[in-house]
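Look for chain A in each of the two complexes below; its partner is chain B in the first and chain C in the second.
Now for the complex of A and B:
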């Protein structure tokens, strides 16, 4: 495609991306450097049906004036980024000086909200992404081998987990693993421990969410791999059969190299998706045991009666940076291949 | 057929007969939490909407919608049914209007005790009171010869006895869902221990002390007697547990007693379900519970005509003797003419025992939020009480600094 055609072709999409993705990100970035003005409070008498007390309220007149002068708030620089609820630089320094051994230091650091969330998010990514790739590939291979007649219904059944809304899917599983649900009760019987609960144990909650993640994301990998398998040329495969190559050898030396670019693509998309894990935490009511970076943003925006825009913005920016770091190796590799291909 | 027709006609005239507020214009749009008493209240106000446009949103997610929706100009809602805690963010952002003129003009039936005044200005009109108190299964306690518990120490002892008898595995229940609910339980228990959340005259936290530790230890003891999934159980979930007969002692909102004691579910359990006042803790005199009011507030960013129409409709309900007589079971109404029934025992006992209202402070929401996420690990046995309280204070301080309170 000539560059000029490409430009006109891309223009509408590009404009929409700048308008709906680029500008909001810039605005979020700016917001993250600001904090609220100092609250002006005054003592007043408050009366309700249970009696009167003297207590404090925000002085609205003075606050309104402050806000009109500087609507963005008080400039805070990287203040929000380094506070305890985010990167917690000061706290980490303190822990490093105070703790005796490395284990205690790690314990202290992973107790900080941002690092707690980061660790869950990374664990989720590291377990879900490879398993999704593997499972998707195996399903695609098996379905590619069954008779054409029953393939249609099988494919439909396989992509069901993707069709089911994430929240609904997780809620169904949530009720099944309840200590009185079908899975939860059976596990209790099996382990002979009436106090065993998948929902109260942190490890078991993590495992549940990871299994759910694999279940939910595999169909996507499967669909893409299945499409790619249709393009594998038959001649080399037949030649390999004549040469006496086993099924495993054929897959390793012919199929995999052929669909390799697709694998990279699926890995990239899965990583990005998994880094933003959010719905299962809400669906499983797992806020107590598992928090992800996206959940932290949500928490800052809606769970408090006071909305923390600065905090949410800072976490958003760090999530973007996190995704960029995670994707960097794959992107660099793709770029190199693209260059050598030319 | 004729019977139905007559009934319908009766209903038609019956309702229109007393519901004439003569509202000629304006539009009314109400945001409210979702429980039976509030539905009754809003329905009653609808009866007198006249020719005004009337809309209502009942949602348990009301807290998340309120501030953004009322910040818009004109605001999406003309009225918000708020409580002690949820009025604070509206006050902080200056989103609700003083009601003095409207009360003078249209608030004839409203009692003075219903008015929430802040700095001399009426900011809300309360119509019901609420608290969390104890529910117990009379049959189970009687069988085992246990007296009705008056303190949380007795609740623990009673629950242990029930568990030991083999009748129930998890005899106690309370809404311990991580987040708002769990934090609310901490607030109750901490106040029961005589704690103050902030150092006098400021926004510095004051929970990392002996009272805080005692509070956490009591919460932990109770959680060990609850269903192991307690961290995912909200009020609705423990209500279901109760109705399935798995629980003999429970701390739950008074406003839920109506649905607990209705005709649905096992009649034997319903019959044996009894209400009593909130428990005290740690030898304290005041109950480990907070008093709440529910009342209506009017949006500032909305035309005066809409505010007037909305106020007249809501004031009609907030002074409606027929409503409080018909729905006496649903809530403890603060409206004139309310005769407390057996389902109001919890709130009335709480008031008698001198329970404190939920603290209406600008920074309390941040403290509540920090509590909801930071004490979970203590309950799971992953960290000490002191560490958990230290975490709560640190999380709160960061947030309060960002919000300009410190």
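Now for the complex of A and C:
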């Protein structure tokens, strides 16, 4: 296709992506170097018969004017990145000098908002992704063994958790697991502890959200694996059966190597999606004990008094760096393949 | 896959059946339960004293005189203004699907027919864009949108959702157009058609299976979105998902949590119907890029 024709065909979609994905990333980058204005203060001298006192009050008029003149805020350089709510360099130095052992130091650091969120996000990715792959694969194998006639409805039932939006999915589970719901109430009875509830324990909340993640993402892995299983060639499998290979050996030595590229694809997509975990925290009302990077950004953006653009943007930039690190191996591999292909 | 040689033992078959039944229960029961509970009053579905009330409808009988009540639905749709939210969702979904298919088919067709190196890099860039968490993009939008005073209205959100959706649509349709033989449009070009004419008369009639799949995914994205719609729309223009979240925020009031339950059912039902009809397309879409490795 000639370049000129390509250009006109691609222009609309290219423009949309540049304007609403490319530019916002740049805009986020710029915003992250600014912070909201401090309030302008002035000294007011008050005199009464007993003498004069000087008090400091906020000058509302000037503050509003300043905010209107420079809506982006004041230039802050990397200030937002290193403050207490982000990388917290100073605090970490302080903890390092003050705490006696390493455990206490780690404890202190993981209580800082950014590191807390980072640890939750990584824990979520680390537990959800492998389990999603495993469960999805088992369901695919299992459904692949049932009669073809009844597979349609079974597949429909299996993919339900995936097609609802995460907020709805987590709400539906939360209403059952909550202490007033069917599962929560029964667990209370079973454990004989009327105060046992999701909100009371951090570990329980984390486990619930991770279980939700597996429930929500497994159908995706299932669908892809199921389709891949249909393409496994028959002959090697039959040969293996004649040679006396067990079912497990057949899966390990024939099926898995055949669908290996698909496994990496699912792992990658699942990792990318899990890294932006956000809605379940709202669905489970788990803000108290579990915060993710995306949730931190959301929290800054819905701030009551003044929207913390700078802070949200700094967290966003660091999230993008995180995504880049996750994607790097794939990009490098694609680049190498592209090089050799030419 | 039915191997003629592969004899499954009875115990394996039983185990397999049990596993599938258990999994289907886990996957579907929450939805069935929510559906059932949406016809009860709050004191039953979120019972402080006994969860069995949700089944026996103890309080529902006392409060409404019947075992089932549709109060939650009528209240959420009228008083809770859920009708407005669903109207907004329909507007957003229709526009997002049609615009993103229009842009996506043109772009993906060009990508699939180009032999230049930049086509490869565009696809890689689209992959990177696909990986961006939506909330980071939203944090980039808010400030400029406030300044330009285009925040809070539906058209802005529609354009944003279209853009966010493009990378995936491009990849999906690209791999679809790759399966449409090149000779088809090349012969039209030789006969003197321009590329646009070839696209219009040769490609468009055969592209519908791919377009339906891509359309379904755009629809699911627009319909299900929370991050963008919650932050870029004002209260008036909220779509269904942020509306459901707003019912949660005020759950001190007796009725509102049940509003959320009935709203969840109302929002989910059309989606389930749609997927039931188009199951084959959804599955082929999810596997399009994957199976070819």
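Quick note on the criterion: the second predicted complex is superposed on the first by the 274 of 342 C-alpha atoms of A that agree within 3 Å, B and C clash if a C-alpha of one lies under 4 Å from a C-alpha of the other, contacts with A are read in each partner's own complex, and residues count from 1 in each chain.
Keep this in mind: a contact is a pair of C-beta atoms (placed from the backbone, for glycine too) under 8 Å apart; a residue touches a chain by one contact, two chains touch by 3 or more.
The structure presented is a predicted model; accordingly, all values stated were derived computationally and were not measured.
In the superposed pair of complexes, A:178 makes contact with chain B and with chain C alike. Of the two partner chains placed by the overlay, only chain B lies in contact with A:60; chain C stays clear of it. When the two structures are aligned on the shared chain, A:328 is found in touch with neither chain B nor chain C.
Of the two partner chains placed around the shared chain by superposition, neither chain B nor chain C is touched by A:106.
In the superposition on chain A, A:72 contacts chain C only, with no contact to chain B.
In the superposition on chain A, A:302 contacts both chain B and chain C.
Put chain B and chain C next to each other and count what each touches on chain A; the higher total goes to C. Of the two partner chains placed by the overlay, only chain B lies in contact with A:85; chain C stays clear of it.
Contacts of chain A with chain B, set against its contacts with chain C after fitting on chain A, overlap at residues 178, 285, 302, 307.
Chain C meets chain A in the complex at residues 1, 3-6, 8, 12-13, 16-17, 19-20, 23-24, 26-28, 30-31, 33-34, 37, 45-48, 50-51, 54, 102-104, 106-107, 109-111, 113-116, 119-120, 122, 124-144, 146-147, 159-160, 162-164, 166-167, 170, 195, 199, 220, 223-227, 231, 241, 244-245, 248, 260-261, 264, 267-268, 271-272, 275-276, 279, 282-284, 286-287, 289-291, 293.
Residues of chain A touching chain C in their complex: 1, 3, 5-6, 9-10, 12-14, 16-17, 19-28, 31, 71-72, 138-139, 142-146, 152, 154-161, 163-168, 171-173, 175-176, 178, 180-182, 185-186, 215, 219-220, 223-224, 226-232, 234, 237-238, 241-242, 247, 261-262, 265-266, 272, 275-276, 278-279, 282, 285, 293-294, 297-298, 300-302, 307, 309, 312-313, 315-317, 319-320, 323, 326-327, 331, 334, 338. Interface of chain A with chain B (complex): residues 35-39, 41-42, 44-51, 55-58, 60, 63-64, 74, 76, 80, 83-85, 91, 111, 113, 174, 178-179, 194-197, 199-202, 284-289, 291, 299, 302-308, 310-311. Residue ranges of chain B in contact with chain A, taken from their complex: 63-64, 67, 84-86, 88-89, 91-92, 94, 113-120, 126, 129, 169, 177-180, 182, 227-232, 291, 293, 334, 351, 356-357, 359-363, 365-366, 368-369, 372-373, 376-377, 380, 382-383, 387, 391, 394-395, 397-399, 401-405.
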